[in-house]
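Some structures are shown below for you to check.
Look for chain A in each of the two complexes below; its partner is chain B in the first and chain C in the second.
Coming up: the complex of A and B.
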């Protein structure tokens, strides 16, 4: 369709009677960093979930790495999401019963990769994000910051076109949050992935090339930051 | 804190809380029925031998029936305790929030005790009508099956007392479960340490069983049964952990998820599996005894009706205990789904959908349950055959043992199918757990 990493056109989404998105459009180029900001309940996370193919918009289109998600079956959409979208959430959301290495290897294993190769790749990413020494540890044995680092590794292990981060520093203190953002920006940049960050924190938004501010489900304004 | 505040805080808040309370009330009610039956039999005096089964009228057998009732009450209590532990992580977070709002540790314990105590009281109250209904049904059976006397006025006095006792026991357990509530993260005990303890318990049980098999052993049959229970309680959690570890290393995401879960719930799953081993053991022993009587040409020391009614009751009651263990395992799996919903929703994003999560739950339940029940049948049947041979060296029990082995396989497969069907009950919870709406929950 296009050479954009992500192209969203006139997307609408409503939860029963609450309209979350009212015709939002957004284009993200490869390697670009975009911060989606706005007050609570303005539709930031809903936009991210629609963009990542987690939710199906009721109107409009989402093209991720050139694939129109609306034209894909559920299985195809899942596959595109798994290979082209990396996702980092506020609390890491790692499986508590699996080691960090297994957590990071999961997307590759789900994709059908050989187990040994998947674990090697996972360990490589854990080294890059600085928690390789804890590869056998369980998430509950580590700090929130270490878990978030592993979550970044899990998001990037498949080499996605776009990394989506939903309040990635929301559960961290300011120092850990800063380190987290530096890691996220550099890791996504190394892999050539675009980065879409949903945040209400201006310090986090400052890492972006462009800020898109939402209000009541519509784009209020866009600002180029660099 | 006023009583109104206490009751408001203790009342079930979510649908999960309500399900947990329902399970707790039901389990306490069933335990109450067995305890009311036990006290009625104890107070029976000299029963009319023309009205009731020989199991009640013969002085030597009556204590056995009371023991069975108490053991079944214990199985129901185990289910109640498991129900009490459900949702513990989520409720701990809620109660920790109350601590932050200024509740003292004793107030938090009081809320936990009130939650459990109210359910215990409802269960105890419900036990009365249930007991009278069961007793009425038993009176309609042929004489040989009347193992429970007709209700007496004394039961009406025992019922409220029992309801209060059950409420107090439930309240104490609920309070105790909150005794270590802290805002600090929980630290799991070292796996090697607890496995060492469990292996020791298993070894003690095994030694008891082996001693009971020695020629002229002074060890009684009840001690042998206790030995099997100890051995199963000790080795089952260790075996579950080993199986979990194997699944976790399989490289298959579905099996890894099941393995990780088993590995970290090995002790609670192991306790339920130990109960299943014992239930399987009872079925195996009953089967071997029945087959031995059928295949041998020995004279029976009692009437066939008497023996087979007894064996039938034992098998039926062990089935009840096995169901209690199964329900407890299922409830534990449902609780895990609720507790890990945000992580499972995140896995859904990476392509592990509801079907795969349900498959991992099925793996978690089916394999261990089938092996436990099958192994139990083999152990129970094997012990009976061995004992028979020791008592009469001329007896050939090889054909009985062949039947026992086949039965172990059949019962194991049936347990597998039942567990697979039961895991289907969780499909709704699995769909709820992987819902993207859970991505924002902690």
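Coming up: the complex of A and C.
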């Protein structure tokens, strides 16, 4: 069996008094698109943060591209997270003082890539997502949709095993949201990345190969859509 | 369904025979059931009787006779009026899915499993609607969006049903 892009086993997570995840397992194959859905407060964003290595689960394991995050040193863990997990959040969350191109080049620069090569790769991805003409613009000079496109480029520039998207269309109107999803799905496909989308929007979930629905921190059901 | 008015609409661009009307309808509504030939000719017959369309040619060109129909001024007026009238919301009919969910709960079957399967079926259909054939034009997108958004409304109802059933199970424990 090939390595899963992401393998989560019996993950538990609690914030102070609130238990968010009560033993969730999820395997995502390379290139697969999975929608994690459920009512607000069901634990879906917490699951995404644990899966992407942003939160450390209190129990259970997370393996990204075959590397068990709990067994890695802090430095290795950061490196795996930075190179194997691309993240797209609701509002793009680009660095406000950097141009689009520098925002997209940033993950490569942090990995010690040569600056010129990093900027070239960034421009390539900006072209792919349709905002190369605005490569020198600052995020605040552009629309929410354009920022989201750059965020997709930033998520894919390191060639990650998985792109995690948390309500990626939440700040966009319905037509822009649709274009965003088409871009996200096709870009992840081009980059060979699996895609894990956290959403409460059925029209977004319908893009997935599989839906995993959470309720109160457990998997309520899992259905195949493709 | 307002087949008569749609046929008038299909003739508004110029005279056509029954086959053209059928093809036109099926391209306007690629996701709907195709219009049957029998229905096209029966509708054209009624419209002719009511003087909303008229026969302008009976071409045969060696093959079977083809009757060509055109809108009459009365037909054009009828069409314009129909296009300006808003549609009343349909009275709250309960569709088969709702009946099935209620029956599943009442008979003590596993409603959560049924709802999950129903959800998958609807999401799958939305997925199909989002990957149309390349030759589709903008008007077929309008119909696809309409269907997808209605399925979304049904899905939200299903979510709510699923939540209520789960809550009931939890409180009765």
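Throughout what follows, the second predicted complex is superposed on the first by the 224 of 226 C-alpha atoms of A that agree within 3 Å, B and C clash if a C-alpha of one lies under 4 Å from a C-alpha of the other, contacts with A are read in each partner's own complex, and residues count from 1 in each chain.
What we mean here is this: a residue touches a chain if its C-beta (ideal position, glycine included) is under 8 Å from a C-beta of that chain, and two chains touch if they have at least 3 such contacts.
Values in this document were obtained by computation on a predicted structure and should not be read as measured data.
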item	value
Combined model on chain A: chain C and chain B, fit or clash	fit
Partner chain in contact with A:49 - chain B first, chain C second, else both or neither	first
Which of chain B and chain C A:106 touches, first, second, both or neither	first
Which of chain B and chain C A:94 touches, first, second, both or neither	first
Contacts of A:133 with chain B and chain C, given as first, second, both or neither	neither
Dominant toucher of chain A (residue count), chain B or chain C	B
Which superposed partner A:81 touches (first chain B, second chain C, both, neither)	first
Vertex chain A angle, Cα centres of chain C and chain B, expressed to the nearest 10 degrees	120
Minimal inter-chain CA distance - chain C and chain B, angstrom	24
For the chain C and chain A complex, residues of the former touching the latter	112-113, 116-117, 119-120, 122-124, 126-127, 130, 148-149, 151-152, 155-156, 159, 162-163, 166
Residue ranges of chain A touching chain B (in the complex, touch as defined)	45, 49, 52, 54-55, 78-79, 81-82, 85, 87, 89-91, 93-98, 102, 106-107, 109-111, 114-116, 118, 138, 140, 154, 166
Of chain A, residues touching chain C in the complex	39, 178, 202-203, 205-207, 211, 213, 215, 220-221, 223-226
Sites on chain B touched by chain A in the complex	185-186, 188, 248, 250-253, 256-257, 260-261, 263-264, 340, 342-343, 345-353, 436, 439-440, 442
